[in-house]
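Think of it as A, B and C in the order they're written, each chain with its own count starting at 1.
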Amino acid sequence: MRPFTLPAPVTAIFRASVLAVLAFIIFGPLLNLLLWAFAERWYFPSKLPLEFGLTYWYRVFQPRGNALASLGASVWIALLTVAFSLLVAIPAGYALARMKLPWRGAILLLFLLPQAVPNLPVYVNIAQVFYQIGLNGTILGVVLVHASHGLVLAVWIASAAFASIDVSLEEASRNLGASAWTCFRTVTLPLATPGLIASAIFVFLESLDEFTGTYFVGVPDVTTLPLLMFNATMGGNYQISSITALLLLIPSIGFMLVVERFLKADVLAMVGR
Amino acid sequence: MALALIVPALAVVTLFFVAPLAMSVVVAFRGKGGGITLEHFAKAFDYYSTDLLFTLAIVVLSTLLIGGVAIAIAGYLTLGGNARAVAILRWLYRWPLFIPFVVAGQVMRTFLAKNGMLNHVLIGSGLIEPLSAQSLLDWRGIVIAFVWKQAPFVTLLLAGAMASLETQHIEAARNLGARRLRVLVDIVLPQVRGTLLVGLVLSFVTMLSVLSVPLMINPNSPTMVTVDVAYRINTHGDYPVANALCILSLALSAIGAAFYLRHASRASTAAT
Amino acid sequence: MKLRQFFPLAFFAFAGVVAAQTTLNVVTAGDQNMVDYVNNYLAPKFEAMNPGVKVRAVGTGPGDGGSQKIYEKLSAQQKAGSAEWDVDVAVIHQLASATMVNEKLLMPYRNDISAGKLVSRDTAKNALGANVDGYVLPMFHSQIAFAYNPDLVKSPPKSFVELNEWVKKNPKQFGYNGVKGGMSGVGFVTGWVSAYSGLSEKLEKGPYDATSAAAIDRALLGLKDFNQYVVMTPGNAGTLDMLNRGEIAMGPVWVDMFYTWQADGRLNPKVKLSLPSPGLPGQPMYYVIPAKAAHAALAKKFIELAESPDVQADGIVKQFNWYPGIDPQFVQPKLDQAAWNKLFTDISPADLSKYGRPFPLSPYFKEIVEGYERVVLK
């Protein structure tokens, strides 16, 4: 017996309206952001800005404005975080994926911790320690905090990337006489590169968007774009906070459009195994 | 050799994660004279018990909603009939994924206000009366912001896992006349349960640590414990009570971790 | 000149230029408008007067939390024994100034600059009961007042008691930001306690007496009841924002933020201000110089500029809508009548002197703030 189905036009309308509602839920808030970014005067009871303009864009980008400096600081910190994380995560991921490790369970647990445990106590106490050794309010301090969290993500994704490479390819290379390092360099690493790039992108984005850790460790000398945006929002400067939010979104959305090439479904499926 | 490769990563995690965490425990329990005391926890409970319950309720509710949304979207992406709808959905759902929590908090603040865009649209389309418009800038706003931001992440994981399933089972079931909902619940979901759990636990723990969203949407009591921690430190310099609160939220996250560890050990015993 | 001889000369010239570039670090607590004031107004003026100097302004956030951060920075450097500290000028709240003077984190400078003679108000010597004479100069004086929409509130309540009745008849039309969202909410709470505990004189002038705790708690219990009829806003700016959106009809705001928002087109021009009896607090924020500031002489010059009557008239009063830090009689001649009157459009000087109070003494202040969490929020 055929299951009961609704007539085709009804399902089509239903499908379209669900998608429309979803689009509103997803893009509505973002549209609001755009409105505020270009508003000059907007107060109740008008539903839309009374005046549009670019005055606040000038204010944001003026030489004395903090926005450009914060953007620079954010990007620089994110790049350093990625470099540091990858440098440490690639060997670790390879070891986890391919090699026999003593205390493997304990090591896995240790790497699980930063993702399984709220980071707030960590940030709060790191800030205290950094105060005493003079790392508070420095770029290096912020990079270390970002890296300690991003590292774990990088290790997980890297190990998944390495694990998804067919072992026989490496074995073939070794059988042909390549040393372990040559095999890694010419066979394993290139094959894992898409996954590694994906992990680099995630770490970069996580660092760029990171707020809580920087709130405790970076303030007041290091201002990243999220902190600037937060301060502008709390100060009621919605135009400025919307513009800085847009700035923050550009690398994120840009990567989103690009990352699909690098994140294959099977790599994603292996995350967390 | 293997150990040598992994030691740098271990060192970073130990120094910059485990050590401060241990410090947190020490400071939370350390009394004025140096002995062990529970007075900080007592004060934390005294002042913030409502907020602790509130935090747990918000995060649990958000996690459940995220699960529901992720299953629905990923399910449709895998089993959906209309190819164009699937393509649109696939493009649509991942946008919030790349928006940081702090921006999500900011956009929700103006979107969910009593005279914000959501209410304007609801009133404009005749769905609600102008006088009954409510501001959603309370616990509901926090839940909405969390689900909005995290659901795409779990959906991404789930969709990936579902995509790598063998299609024979699904096709066999469809050929036998099973409705798609049935296929989703009986065949697909059991196989991706592990990934779903990973995604939900990660989200649960992440949400427990978010400061920006509650600070921007609803910093007044009742609010999430993260706001209280920041307040204790920034305004009073009160590290002991702040750390006590952190330990308590650690305990909350242990609920999530317990779920994950149970699954992980079951999976590994099944594999051996 | 041969090329080889050119390079070392060029190098030294360059190094000379770089060395001549000094950076004056100004760290300020408070909302973004404080940072804007230094960045957009003071810094260009100072840099024009002192070529080779660059002013770097950093904000640490609103409320006492922002000042606490500055305190922590200086305290950490003191404990580490650094020879030179990385803050040259700080702008802080009263509560933190008392602590910092106590712990010898600040250098006395008032008598070293001529502007020091332009201030005779008590606030220059007394910070919530602590003696800070010589270490501080008020940058401005600010005042909290009720902002209300005259379309929705025909006759605003004239006292806290009237307000209490008003909210019961108009639920969810009044909003304030609690004690965690910024000082305007804190000021409202201390104003309430002042009105309902019957201790207003004592709270402001002292002496501190632990037996007052009972009266304070009783007043706070009344506030807990009051809270059921009001909306909690997300911060100083949150109150203004909700007023703007018509989501509340009345709320406590900083007078300067109020005028700035109206000037920026973020608040409806018809919203007005009023002060209830027995009063709402105001506070100065202080310029201070850390004890081991790296550029103390420059710092003094900076404060000298900031406290000069011209800058006080044009910057503090006219552009940023604060009440002046130095005595008004030095500032008034520098302003045209219209600009001076703008400060007093809704709140007359008489009202201001009667209902503009200082914050309670710091031990009472702390008791009220902690009591709010203990009594009202549970």
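Here, a residue touches a chain if its C-beta (ideal position, glycine included) is under 8 Å from a C-beta of that chain, and two chains touch if they have at least 3 such contacts.
The structure displayed is predicted, hence computed values, not measured ones.
Of all chains, the one whose CA centroid is most distant from that of chain A is C.
Among the inter-chain contacts, the highest number of C-beta pairs connects A-B. The distance from the centre of chain A to the centre of chain C, each centre being the mean of the chain's C-alpha atoms, comes to 37 Å.
The geometric centre of chain A is 16 Å away from that of chain B, both derived from CA atoms.
Annotation for chain C: residues 61, 69, 72, 234-235, 245-246 touch two or more other chains. Contacts with at least two other chains are made by residues 44-45, 234, 238 of chain A.
Within chain B, residues 109, 115-116, 216 each touch two or more of the remaining chains.
Every residue of chain A that touches chain B in the complex is listed here, in rising order: 1-3, 12, 15, 19, 22-33, 36, 44-45, 47, 87-89, 91-92, 94-96, 99-102, 107, 110-126, 128-129, 144-145, 147-149, 151-152, 155, 205, 208-212, 215-216, 226, 229-230, 233-234, 238, 241-242, 245, 248-249, 252-253, 255-256, 263, 265-269, 271-273.
Interface residues of chain C facing chain B in the complex, by the touch rule stated above, are 61, 63-66, 68-69, 72, 177-178, 180-181, 231-235, 242, 245-247, 373-374, 377-378. Across the complex, chain B meets chain A through its residues 1-3, 5-6, 8-10, 12-18, 20-21, 23-24, 27, 82, 85, 88-89, 92-111, 115-118, 120-121, 148, 156-157, 159-161, 163-164, 177, 179, 194-195, 198, 201-202, 205, 208-212, 215-216, 226, 229-230, 233, 239, 242-243, 246-247, 249-250, 253, 256-257, 260, 267.
Residues of chain B that touch chain C in their complex: 46-47, 49-50, 109, 113-116, 135, 137, 216-221, 227, 231, 234-237.
Of all residues in chain A, those touching chain C in their complex are 40-45, 50-51, 64-66, 131-132, 134, 136-137, 219-221, 223, 231-232, 234-238.
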